[in-house]
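The same chain A turns up in both complexes below, where it pairs with chain B and then with chain C.
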Partner chain A sequence: MAIVQKAFLRNMSYRFEIWLRLIGNISVVFIQISIWSALLGTGAIEGIDLSTMITYSIISTSVSMILMYQMIHTIDGKLKNGDIAMDLLKPISFPILMFFDQVGNICFQVLCTLVPTIVISSLLFGLTFPHEWTTLLLFFIAILFAVLISFFISYLIALISFWFLTTFALEWMFTALITVFSGSFLPLWFFSKEWRGVAEMLPFQFLGFIPAAIFMETIEGMEVLWVLVKGVLWIITLWIIVQLLWRRAIRRLVLQGG
Partner chain B sequence: MSIRLFTYIVQLVIKSKMEYKESFILGAMGQIVGYTANYLVIWLLLQKFESINGWGWTEIAFLYSLNLLTYAIGASFVYSPMIGLGQILIDGKFEQYITKPLASFPYFIASLFNIGYIAHILISGTVLIWSLVNTSIDWTIVRILYLILAIISASFLQAAFMVVIGSLSFYFLRVQYLFTILFRVREFIAYPISVYGTFFQIILTWIIPLAMINYYPSLFLFSHGSSIETTLYGLAALVVGPVVFLLAYQIWRRGINRYSGAGG
Partner chain C sequence: MIRVDEITREYRQWKRYAGLMGSIRGLFSREYTTINAVNQVSFTIDQGEAVGYIGPNGAGKSTMIKMLTGILVPTAGELTVNNLIPHMNRKEIAKHIGIVFGQRSQLWWDLPVSDSFELHKRIYHVSDEAYRKNMDIFMELLNLKAFISQPVRQLSLGQRMRAEIGLALLHDPEIIFLDEPTIGLDVVAKDSIRSFLKYINKERNATIFLTSHDLKDIEEICPRLLIVNQGKLIFDGAVRDFKANISSGKLLTIEFQFDPGTLEFEDAILIADEGARKMYKIEKGLSFINTFIGRISEKYIITDFSLQDYDIEQVIRMYYQGLESESDLQGDLSKVVS
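Now for the complex of A and B:
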């Protein structure tokens, strides 16, 4: 009985954390919506009104919940304490191992925080769904891109920090880039021309703006195609960079007798 | 514990941290870039919209900086001890703080003082001063004195919230997640609370008085519609910090009594 009780209590405390996380996410959405409501009121700027921004806030916040930033610490830890040697002996390549490890995390996040956050915030604030169901398909592709790009970026940070021996500073700098250029709070529509130009040249827009904009059907037709091609190019580029750095890191690890 | 001893311990802690100068400076630079990004997003937003509920860029920058600065000051003292307390208790290392002939609370927070917030203080302090120079406030002695007192009070208030959550470690051990929630909730005051409905304004003023950290002091200084109400709230902001901190300290003492009682 004591064991049952312990397990139950452990689960309860975990459940408590999930609830708190949910409240945290919804308050993020709420804050954003409050600001947009103060800024836009009942009017619209450049064809964007409050209900559009509500949908945008819910979707971009939700997308940001399933990205793979946690992995930076996992890889960093493994590289530094030598656990990586064990993983390298496994018959599966390390990056793929890490990726599926993260996919497991994401599935958990989707079930326990993403779905409830979307459901609760659409009940509270109202969510505009896409008109065409092909949009949903494109949206899922965009999500996949977001996940992959966040995977490679985190991997890149962990690998670069292998040389600098600290992830801390790099992580802050990348977070800074993501904060501004993912558009997860301020959509790229509202950027001034130069800033928008910069944002469109970087991969970070795929981590917030692109999925939300696709969901809302503001990117359409040939434009979607172009955006997706750009996404694929980024994924390939990042993949190549990571692969090169990874080889070097391993060589260094072996030379050092790690 | 005397203030001299307290500052002496803090100095020792800072010195030992400074041994890793390079990674420390690198980290500080990273954080400055990180917060610059937050400012940049607000700036980009206000480039487009000019103002939020009558608050322009310099005023929002002031509001945001006041929150960040006082958080950094408060957190320098209490963040590391409070978030670490659970693990310290689990490892049985807390005894060393309560068995010395020193007041346990100041000794505990002094020996875990965190100099790492210096980057927060640098960036928020710089923007704060910049925003002060660029507003149309005429700086009387009273206003300057008010600002200094408001910063002290708000720093106590920020620390108090962390002490309350940290004290819960005596009961639950695992409280890390509550800190994440605190940071999320603190996001509410990154913007003037007038953007939220009356319900949330009341909560942020009376239940979890986060608005006392930056909103009411800013109102007082900028005198947005200088009314008796603004003045009263503005003055309340000067006392609420120390008062809440004392309350938090009482909660801490209860926790510690429970701990030493159960440990035997």
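Now for the complex of A and C:
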């Protein structure tokens, strides 16, 4: 869609930022790998060795790059300065507008930071690729889920800000939850049994751990299927919640300024 | 076309308390005061009319536009645009209206102007033919061709505003809402915008609903005038009538060498008194003014005096002040107005 293209182009207009992001991402991968190599050395904990963790770090960092958290700030900003009125006055649904705007951002991220990050860090640190093409297919489905779930969660946070007119505290809380339960910081393998149970109940694992684990073929067969079903259920649940809240938010809308 | 019937919109303002203890109290307090931004306003506007909607800051002008465009729900009353209730049919109505907010932008900040137009074309499903036709007109009349390929952030305010207006009209809307479209612009830019809006109103029979603080905008574009103050509609009629009624009088400003104190006369109403400088409103003809000045100069030393017609801006200013201070002027002017 046209919105995707424009959002993509908008990002392109800041060349300097592209370079900064690239350097930033590789630094994150580098830091994670340094920590893991210090912890694991040449040995392994619970069957996880360094090369596994390198792949995990690269993939989960890459996945987190293409999620739609940015949208919280976009909507929050529009709400604070009243620009949301301009978007509501278009004959197109606001969530759809935002979604495709974000897709444009993602396309940009994939092309300008994700691909270079993966290429450079796999050259620097080595990346273990999956053995079967079906894994790649499943991986892409998992990525799609991650994108959708991140969209809904971000949208949910933004919607709640319709009531409080600020998102900061809420976003802080969700960032913490996502950091821990998505497994992007510490893979769910290392969680204790109880905590792992909690993490598996929550949607956050789809935002980092699941795509990476599928890519590395640590989840296989029927287990993958079950995980994907859970993902679909989460997407539907979040979608319904967002729909309901959106209707109520519109009703409540008191625009700032003017 | 547009029908507004006894519309009221309230805002709640949460009570805030001063000081540190006050701000802590504010965390728990749920007290609020209700403010009527729009108070039982009624009017109808037909297709092809151009209406100026004016009032001082905080009179509820933007609130009215927000309700008419469906992004704000009225507290009470009925309101229809094209026989639809705006806030229930927001997307449907959006196809038929164009909106320009002087203080907001629909353009994509980082991209060239042309990109915003292309995106708009897609969002509003404008046909290639209509798009080309409109773009030709805008390029010419709004002189968009001078800056169409520049990023929006590099445009001057005047250029940006012309682009905004073109963008709002791309899908041939039947109704155009403009909220202070000439705010902060220079005379040349204002002129080009005014003549363009007049052209659109005539050629396309588009309804124009315009708010502005610059009454020249209204005088040039809109034959009809609505005045609001503190949420209430206080005048609805032709701009011509409004002016005709009040322009029979003249304003006489006299500067004395020394402050003569309060000077009141029959047939000359003191409307501004700054001590040595006084302003009178006189309804009678020139010969009366001659003898009036003669009479005063016998008693006091006059250093200077000037005589002027009302312009609409002055009258409205007096009108607002009158309403606020409840002075004698109020009764006097509302007689003139009604």
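In this text, the second predicted complex is superposed on the first by the 236 of 258 C-alpha atoms of A that agree within 3 Å, B and C clash if a C-alpha of one lies under 4 Å from a C-alpha of the other, contacts with A are read in each partner's own complex, and residues count from 1 in each chain.
To be clear about the criterion, a contact is a pair of C-beta atoms (placed from the backbone, for glycine too) under 8 Å apart; a residue touches a chain by one contact, two chains touch by 3 or more.
Predicted model, so just to flag it, every value in this text is computed and none were measured.
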| item | value |
| --- | --- |
| Partner chain in contact with A:Gly82 - chain B first, chain C second, else both or neither | second |
| Contacts of A:Lys193 with chain B and chain C, given as first, second, both or neither | neither |
| Touching partner for A:Lys90 - first (chain B), second (chain C), both, neither | second |
| Which of chain B and chain C A:Leu170 touches, first, second, both or neither | first |
| Chain A residues touched - chain C or chain B, whichever exceeds | B |
| Partner chain in contact with A:His131 - chain B first, chain C second, else both or neither | neither |
| Touching partner for A:Arg251 - first (chain B), second (chain C), both, neither | second |
| Chain B and chain C footprints on chain A, overlapping residues | 13 |
| Interfacial residue positions of chain A with respect to chain B in the complex | 13, 17, 20-21, 23-24, 27-28, 31, 34-35, 37-39, 45, 164-166, 168-173, 175-177, 179-180, 185-186, 190-192, 195 |
| Complex interface listing, chain B residues touching chain A | 23, 26-27, 29-31, 33-34, 36-38, 40-41, 44-45, 47-49, 52-53, 172, 174, 177-178, 180-181, 184-185, 187-188, 190-191, 194-197 |
| Touch list for chain A against partner chain C, complex | 1-3, 6, 9-10, 13-14, 82-83, 85-86, 88-93, 251, 253-255, 257-258 |
| Residues of chain C touching chain A in the complex | 11, 62-63, 66, 69-73, 90-92, 94-95, 97, 99, 101, 103-106, 108-111, 115, 118-119, 122-124, 151, 179 |
